[in-house]
Amino acid sequence: MNKINVVIWNEFRHEKTKEKARALYPNGLHATIKGYLDKNEDMEITLAALDDPDQGLSDERLQNTDVLVWWGHMAHDEVDSVLVKKIRDRVWEGKMGFIALHSAHMARPFCAIVGTEGVLSCGRNQKEIMWTLMPSHEISAGIPDHFLIEEEELYAEPFHIPEPDELVFGAWFEDGHILRAGAGFRRGAGKIFYFQPGHETCPSFHNPYVLRVIENAIRWVRPCEQVSPVKNACTWMHQPIVEEFKST
Amino acid sequence: MNKINVVIWNEFRHEKTKEKARALYPNGLHATIKGYLDKNEDMEITLAALDDPDQGLSDERLQNTDVLVWWGHMAHDEVDSVLVKKIRDRVWEGKMGFIALHSAHMARPFCAIVGTEGVLSCGRNQKEIMWTLMPSHEISAGIPDHFLIEEEELYAEPFHIPEPDELVFGAWFEDGHILRAGAGFRRGAGKIFYFQPGHETCPSFHNPYVLRVIENAIRWVRPCEQVSPVKNACTWMHQPIVEEFKST
Amino acid sequence: MNKINVVIWNEFRHEKTKEKARALYPNGLHATIKGYLDKNEDMEITLAALDDPDQGLSDERLQNTDVLVWWGHMAHDEVDSVLVKKIRDRVWEGKMGFIALHSAHMARPFCAIVGTEGVLSCGRNQKEIMWTLMPSHEISAGIPDHFLIEEEELYAEPFHIPEPDELVFGAWFEDGHILRAGAGFRRGAGKIFYFQPGHETCPSFHNPYVLRVIENAIRWVRPCEQVSPVKNACTWMHQPIVEEFKST
Amino acid sequence: MNKINVVIWNEFRHEKTKEKARALYPNGLHATIKGYLDKNEDMEITLAALDDPDQGLSDERLQNTDVLVWWGHMAHDEVDSVLVKKIRDRVWEGKMGFIALHSAHMARPFCAIVGTEGVLSCGRNQKEIMWTLMPSHEISAGIPDHFLIEEEELYAEPFHIPEPDELVFGAWFEDGHILRAGAGFRRGAGKIFYFQPGHETCPSFHNPYVLRVIENAIRWVRPCEQVSPVKNACTWMHQPIVEEFKST
């Protein structure tokens, strides 16, 4: 089996300017996630950032990416529209899976792929408890029925995403809120996963369960073997499909 | 439009033996719910209890019931197996909707209809906040994005129900738990709704939002007009369905 | 109960230029649908067309529309982008339901609301049989388990819409194809329904079952009573929600 | 990674008594499926039959089974009730996946696990075309957007199963029918897949695509790593979950 080519894309600005973020993630949070994932022999992990040439995703690189993990926050608007469309199409065509972390609920590629503006409520950092709602799901493999996140930014309902196709995790927050915190979506021939933990001033990407969820999600969103290419335009069927089989 | 014939079935034992339950619901919690619902001109509400003749549901009565609301707790096992099957079949055939309140997550009719044993975690009475997850749903009409329930019994995940077809409400509990608290299911031609508030020592059935949810749910689970009778056994198609249309 | 303000929007060009379309729908297919729906005392039906001033939907009119029914085909691209965004937002905010008929699977408002490009396979007009997959659904009320559509344009899988939240109808086509032909979606606080029959050269909008589905769908997508306004932007929670209740 | 222990359970009577079934599947259809699957180094495949001791599934064997594939038809009622409950519980507890083939839509374990009586319409053998509805799904990996099954027994809607959690395949039949033909379900911590082809007088278990679907489904229903054991009864939470973390 070929390795899964994973690109972890990070806006990578907070870690350069915010002391607390730098202390937690000295080489960027994408590098921290990579450090955990590198043990997996079935994955090839590389990093990309907004301020890299081509915003980190040249055409060639994108065409070799099986799974794109995305973290962005204050610079969503700087992400190039043409790139956004390329990412969306690659996911819809079943050539690449997509994972949106934390504030990427409003990232342009996530919104374009699933069809949302990602509006939610937010608030001060606080205690969070993550609950597994689908113990049968590949993404909750190895995750207990609940685990603690000592400190996370409050992200809360109402969360105006489309109905999740697979609601894997729900979150409890100290201040009285809940969130559909881990949600799988399917669009075209592609799979998408959103996962809420990961504020830049919180140590969530050092939490082994959060990291395991990301690891599981990479395997889940990974493209399946596609035999019939996904069409980009409506196709006129010139002969009855029943006829088609007559010659076989 | 004909009135909706609603039967509110209550185990009706706690209110006779437990002082706190009697104080809150002197004529039974079913009577309290009826008191609120009676204002609806499109509903005809009657009461039934476990210790009534025929456990409150003679064949004749059942055949005239459009929506069956069910509350049971300590005497689930006393409910007659034959009656359970009649209820299940009536729901599956699309002739009656079913609403399970609170501890009815383990009531025999609910388990038979949706296919579950209804296992969850529970604990002491505490503060609960109910969150609306589907603002587009008929059952959340008139309900704000969240409301407080001052005191309710803790009911929490893991909740081993089948995946809800429509997850309308989620609950936050003081002690660190969440619950998929308001869930719609479809089985055969019938609709079912489970709603978690309603412990016998808590005033939830005096809460106007809880009552409004029950009111909305009655209209939602109400049977739709059925043209093709739901079959109870597999049917052999003697001629191609395409032929059937030749004579029309 | 207030009447449901329904606007049936039609591209309304084929009926002016194509003899067969004109013969079937002399005043436009929207007028034919209106003729059937006018019997409903709970609905106020009006018509709009692409070539009307403001493309038929001035701000004032849109703000008074509860349900927008949409038929478009060859002129999707002419629909104004600003109008598309207004329609999408009104649906997401739960103020208006949306019904997409036939070739509106690629209409700009439908694509913007549910997040799709609506790609499918198509082919020559042929015999279709519509099958009810959800007999419990409000939209299939009064519809038999199957009905014949003598002649319809082939619309077939693969249909790259997001996973339907509610798959009400499936279609069989003579040439060997199937389609997820009647599909409900929820986005934000709004409801959307897509229904496949309705090619301009086919008499589908004279078929009583097709018309009944549209009638049912209008009642289903109709906005529910909204208490909490749907937010257009993320909201910062300045105090714990638990505190909020202390003053009540 | 440990091998997946797969047991293919077959009623195994038709192949002994019906000439056409014997000709197609001389050692039983389960042996034919095993012949195809044996190439997979990650699977250990064994066979079981109704007339074996313990109906083929002793306690010890069941406890070592990761995936149970089931084919039954005329002798559903002979399957032992105690065994049925053991199978159901093992699936709900996330220890075993379950695949129901063809006429197993009415098999007692399938009905107990998903909560259905499995009623559908059926008819003469005919041409079937299988359509992939979820190209993103693990179970459709390597399957084209459609494939022909030259001859299969008609199985058709209305099919009164619970709403599928994942509707992977839809079928077209020559006589004018469709079926939700490949459907995934989740119950408790377990996964279940139903797949319609496989009548005993049809060569479907020699069709490479049908076999590939079964192979994919084995990997999909395979239990995930479970950390928190699934409870068989409601659990009282003696202390706030938030307290639980204080000692960690």
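To keep things simple, chains are lettered A, B, C and D as they appear, and every chain counts its residues starting from 1.
Quick note on the criterion: contacts are C-beta pairs under 8 Å (C-beta built on N, C-alpha and C of every residue); 3 or more make two chains touch, one makes a residue touch a chain.
Predicted model only: the values in this text are computed from it and were never measured.
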Chain pair, A-B or B-D, that carries the greater number of C-beta contacts: B-D
Same vs different contact residues, chain B with chain C, by half of numbers used: same
Farthest chain relative to chain B (centres taken as mean CA coordinates): A
Distance between the centres, which are taken as Cα means, of chain D and chain B, whole angstrom: 31
Chain centre separation (chain A, chain B; CA means) in Å: 37
For chain B, residues that touch 2 or more chains besides their own: 129, 132, 134-135, 145-146, 158, 163, 176-177, 186-189, 228, 230, 241-242
Chain C partner contacts - residues on chain D that touch it in the complex: 129, 131-135, 145-146, 157-158, 163, 167, 170-173, 176-178, 180
Chain C partner contacts - residues on chain A that touch it in the complex: 92, 106, 113-117, 119-124, 154, 156, 158, 160, 162-163, 165, 174-177, 185-189, 228, 230-238, 240-242, 244
Contacting residues of chain B [partner chain C, same complex]: 94, 127, 129, 132, 134-138, 140-146, 148, 186-191, 224-228, 230, 241-242, 245, 248
